[in-house]
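Take this structure first; my questions come after.
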Amino acid sequence: MAIITRRGLIQSAGMAALASPFINKGGWAADETLKVGYIYLGPIGDFGWTWAHEKGRKEMVAAMGGKVTADYVENVNEDQSATPVIRDLAKSGHKLIFTTSFGYMDQTLEVAKEFPDVRFEHATGFKRADNVATYNNRFYQARAAMGVISGMMTKTKTIGYLGSFKVPEVVQGVNAYALAAQSVDPSIKVKLVMIDSWFDPAKEAAAAETLTNLGCDVVTTHTDSPAALQVLEKKKLYGFGQGADMSRFAPHACLTSIEDIWSPYYISRAKAVLDGSWKSGDTWWGVKEGSVKISPFNKALPAPVAAAADKVMKGWADGSYNVFTGPISDQSGKERFAKGAVMEDKDLGPIDWYVKGVEG
Amino acid sequence: MTLDQLILAFITVVNISTPILLAATGELVVEKSGVLNLGVEGMMLCGAIAGFAVTFVAGDPSYADSAPWLAAAAPWLGVAAAALAGLLASLLFGFMTLTLGANQVATGLALVIFGTGISSLIGTAYVGIAIQSFDSVFPDALVNDPIGKLFFSYSPLVYFALLMVAAVGFFLNKTRAGLVLRAVGENDLSAHSIGYSVIGVRYLAVMFGGAMSGIAGAYFSMVITPLWAEKMTAGRGWIALALVVFAGWRSGRLLGGAYFFGLFMTLELYAKASGFSFLPSQFWASMPYLMAIIVLAAISARGRGGSEAPACLGKPFIPDA
Amino acid sequence: MRIWLEKRQAPSNVMQALTPVGAVLMTMIVGALIFWAIGYDGPRAVWDIFFTPILASYKWPDVATKAAPLILIALGLCLGNRAKIWNIGAEGQYVLGALGGASVAKYTQGATGGWIVPLMIVVGMAAGAAWAGIAAFLRNRFRVNEILSSLMLVYVALQLLNYLVTGPLKDPNGQNFPQTAPFTAAQRLPHDWFGWPFPPGLYLAFALALVFWLVMARSEYGLGIRIVGDAPRAARYGGYSQAGAVWSTLTISGAMAGLAGVLEAMTQSGQLNLGFPSGYGFTAIIVSFLGRLHPIGVVLAGLVLAISYVGGQVAQTTVHVPSATAGIFQGMMLFFILASDVLVRRRVRIEWGGAAKSAGSRA
């Protein structure tokens, strides 16, 4: 067997492969240092989804001292080409691998079958195995805070939501946003546009412009580029950043941003592997566990609004606030949850319907 | 819809249509000379990154002391850089097809792939950076005026596009040089025998097309969304190519066609935002392309015994000498 | 001293075979220089892109997986390209093929039997052929340029995929994510065949390449296609209908693209989602040109391009080049081969003031 050096991931795999074409799966001697691998959908400089994961990765390595090293591969497409990349990570000694986007689901499972002693963690997915866990983030909790802010800042009583695909994560966000805004003023309407992409700056800008043309004066985005914020800045309206603090792109328009904080989860999982307690399962953390936060408010945000948003975030943290508390009706007017009833994870997980007041 | 909403919608349509118009105007000249350059998408991306990078570098605050004019000139320098980048990309195409006689369809496709890759490579250093949007140069009072914004709120590139459409129309139809170019496109052997340099004229046309495509790309990275993202033109280059055929290779119809396309793209978003669920949203998203096909069919079917395309379109020039 | 290009009497066969090799070599050299100039380890990048996938046998299945659809699609394309009929919409036909297969899968969910897989393949091929047929119809009936119509149809096909996986074909147990139900065992094909970890598409590609070669070189049909492409006026006199060529080449290439799509769905992913389209339809265009529109050349070119994809990923992890690198190399290869085309048709002549001397007389 070739000796594994620390030089680079395919290098070691490649050299081993050249020396012995058929690598013995799982034949490494247990090392004190845990090698962790990451695959990213976009570039680490995207200041959005991938950037947040990369930040989490760096913080994890720093927090774990010398016990953990981590490598990453960026710009991995969510198609078949992801499989060889995951496989290379597994082959070259990475014992804990994070696949950070929904579209890697089947590829992760496929490689996991070949490497039973490697642990895989798939973000935002729902298929698991003995060595494949899933994890997600309660982004909607921050959207509720944004809904409250929007509700208090809107003058037209119409706010906008720029979405990507009609997947549960986005639907949760839309509903949380709408319900929170309606808690400030029940007459508020949310206009929704799905652009069928996570990242298409020109289309995001056009969609944001359409929303503002139709009367929205606050728009939140679920897509990954700051394009919409730039449009809002030009029109002197308000909006929110996604995934990271986007205030640099829109100093006046950006009231706050959702920040994905992945390091608490990454640290806990790395620890679990090292002390042997790692188990598969589904983890869905939020404000309470420190996985979601909102960036410092725009200086121009009025104090009462900031206070209300802070109250929402604190409420999530100590359990005293849940935006998904009934009465909740859907777009057709039918009441789905009675007064006082709380939507549970099993209702939220696969949700595909919007609440009343959402248009589009 | 109120008047104000109509005006806003119109402005959105103009914004979406302008880059397509810019690229199509350039490609019109190219095709009129008998060359089919499919590489528009690649040239646009080269222009987008060049424009963005130069604007960013020129607008760097550290130059404010030594060269205070640089900050104001930055976007103009960016546009010039974008035009140059597009031109250089088109020269690669021109050399291969005009001097070496390579297949134009394949070379154009190669340019798309290569241009996309090179722009992504150069652009890696510019992800996550913001620049000032290349906005209207008119005074704020006009830009914000409810009726005035219809005319004055656009980026200079919008007016440039309109100007170029008119200029190209005038050039092709009313000048001798334009006549030569059209002759080269209709019957290259005759033009050659009269003494015109077919290859030379085509080179110039290709370079013009490249520059226009480059500027079209810059519209994305400097006006619509002042940031850089890989492949940010998202297929608009191909729509520009369709637009030339749409317009029957006539510059006057280019303008109408561009806004027609822009209208349908905007319609898709409005339909979604208004919750117009009568038809699935994907139908609306396909509308621009379906309309393109329908209009292409309607336009190509007429015309005496064939399309109105320049007779030598796509054929390499092979003098008997 | 004068240098000019002189037309050869007949295209040089030696050059035909040498130029693709030369193109790849030039790409390696120029590519290494470009990346070195930007600050990456250029030679290492080129090594990883072109040689590591060949030398590291654990990468061969990845190469085969990528090569199979590329070759299948490109075989169909080179038929049309020979007739100067340009199918740019293979990506859309590929998606339609997979959608056809997925539709059959939905209706045969609980069924078993060896007839399911062939049915899926046939329906997939028919769907791809029909999609291309739209472009053929538009060209024959309305004189619409097939480049534009087939390309516009790609975007429509992507929207159709979107609609179907979020609606009628959506997996009822899929937590409302936009994807079809996973194909059952009776609806899938194994990854490994004949003891080797290569997908069935690869063997099919080799077999069909021979078929295409025979048809194009030896059959009346193949002759007609070549005449339509090289001498359209002569074709008319000879009774070879251009409209007929448009129909047959577009539907055949559509069927091949559909075949590639449905096979990919059945052997690799086992279900359809929005990430399914991988750009094979566009890359196959490069493959058909790199392969000089010859079926055997297409097989070799498909392998080279697959290697460059797999190698591009390797280079990302070792040399940290961006993901756009593979595209840059592929574009370069196409440029070099198109440029070197000229050496096939023309000969370089150099005249040293005085007696004319032909330099580098090539066979």
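The chains carry the letters A, B and C, assigned in the order they are written, with residues numbered from 1 in each.
Following the convention adopted for this analysis, a residue touches a chain if its C-beta (ideal position, glycine included) is under 8 Å from a C-beta of that chain, and two chains touch if they have at least 3 such contacts.
Remember, predicted model here, so these are calculated numbers, not experimental data.
Taken as a contact graph, the chains are fully connected, with every chain touching every other chain. Summed over C-beta pairs in contact, the chain pair with the top total is B-C. Distance between chain centres (mean CA atoms), subunit B to subunit C: 28 Å. Distance from the subunit A centre to the subunit B centre is 36 Å, each centre being the mean of its Cα atoms. Within subunit B, residues 124, 230, 282, 285 each touch two or more of the remaining chains. Counting partner chains per residue, subunit A shows two or more touched chains at residues 43, 196. For subunit C, the set of residues that touch two or more other chains comprises 162, 166, 322-323. Every residue of subunit A that touches subunit C in the complex is listed here, in rising order: 8-11, 14, 17-18, 21-23, 43, 71, 73-81, 83-85, 88, 91, 102-103, 106, 126, 165-168, 196, 349-352. The touching residues of subunit B, counted against subunit A in their complex, run 5, 8-9, 12, 15-16, 124, 127-128, 130, 133, 135, 220, 224-227, 229-230, 232-234, 236, 265-266, 269-270, 272-275, 281-282, 285.
The residues of subunit A lying in touch with subunit B in their complex are 43, 45-47, 51, 160, 191-196, 199-207, 209-214, 225-227, 230, 234, 248-249, 359-360. Residue ranges on subunit C touching subunit B, taken from their complex, read 38, 86, 88, 138, 141-145, 147-149, 151-153, 155-156, 159-160, 162-163, 166-167, 282, 285-286, 289, 322-332, 334-335, 338-339, 341-342, 345. Subunit C contributes residues 48, 52, 55-59, 62, 65-66, 162, 166, 175-178, 264, 268-271, 273-278, 309-310, 313-314, 316-318, 322-323 to its touches with subunit A in the complex.
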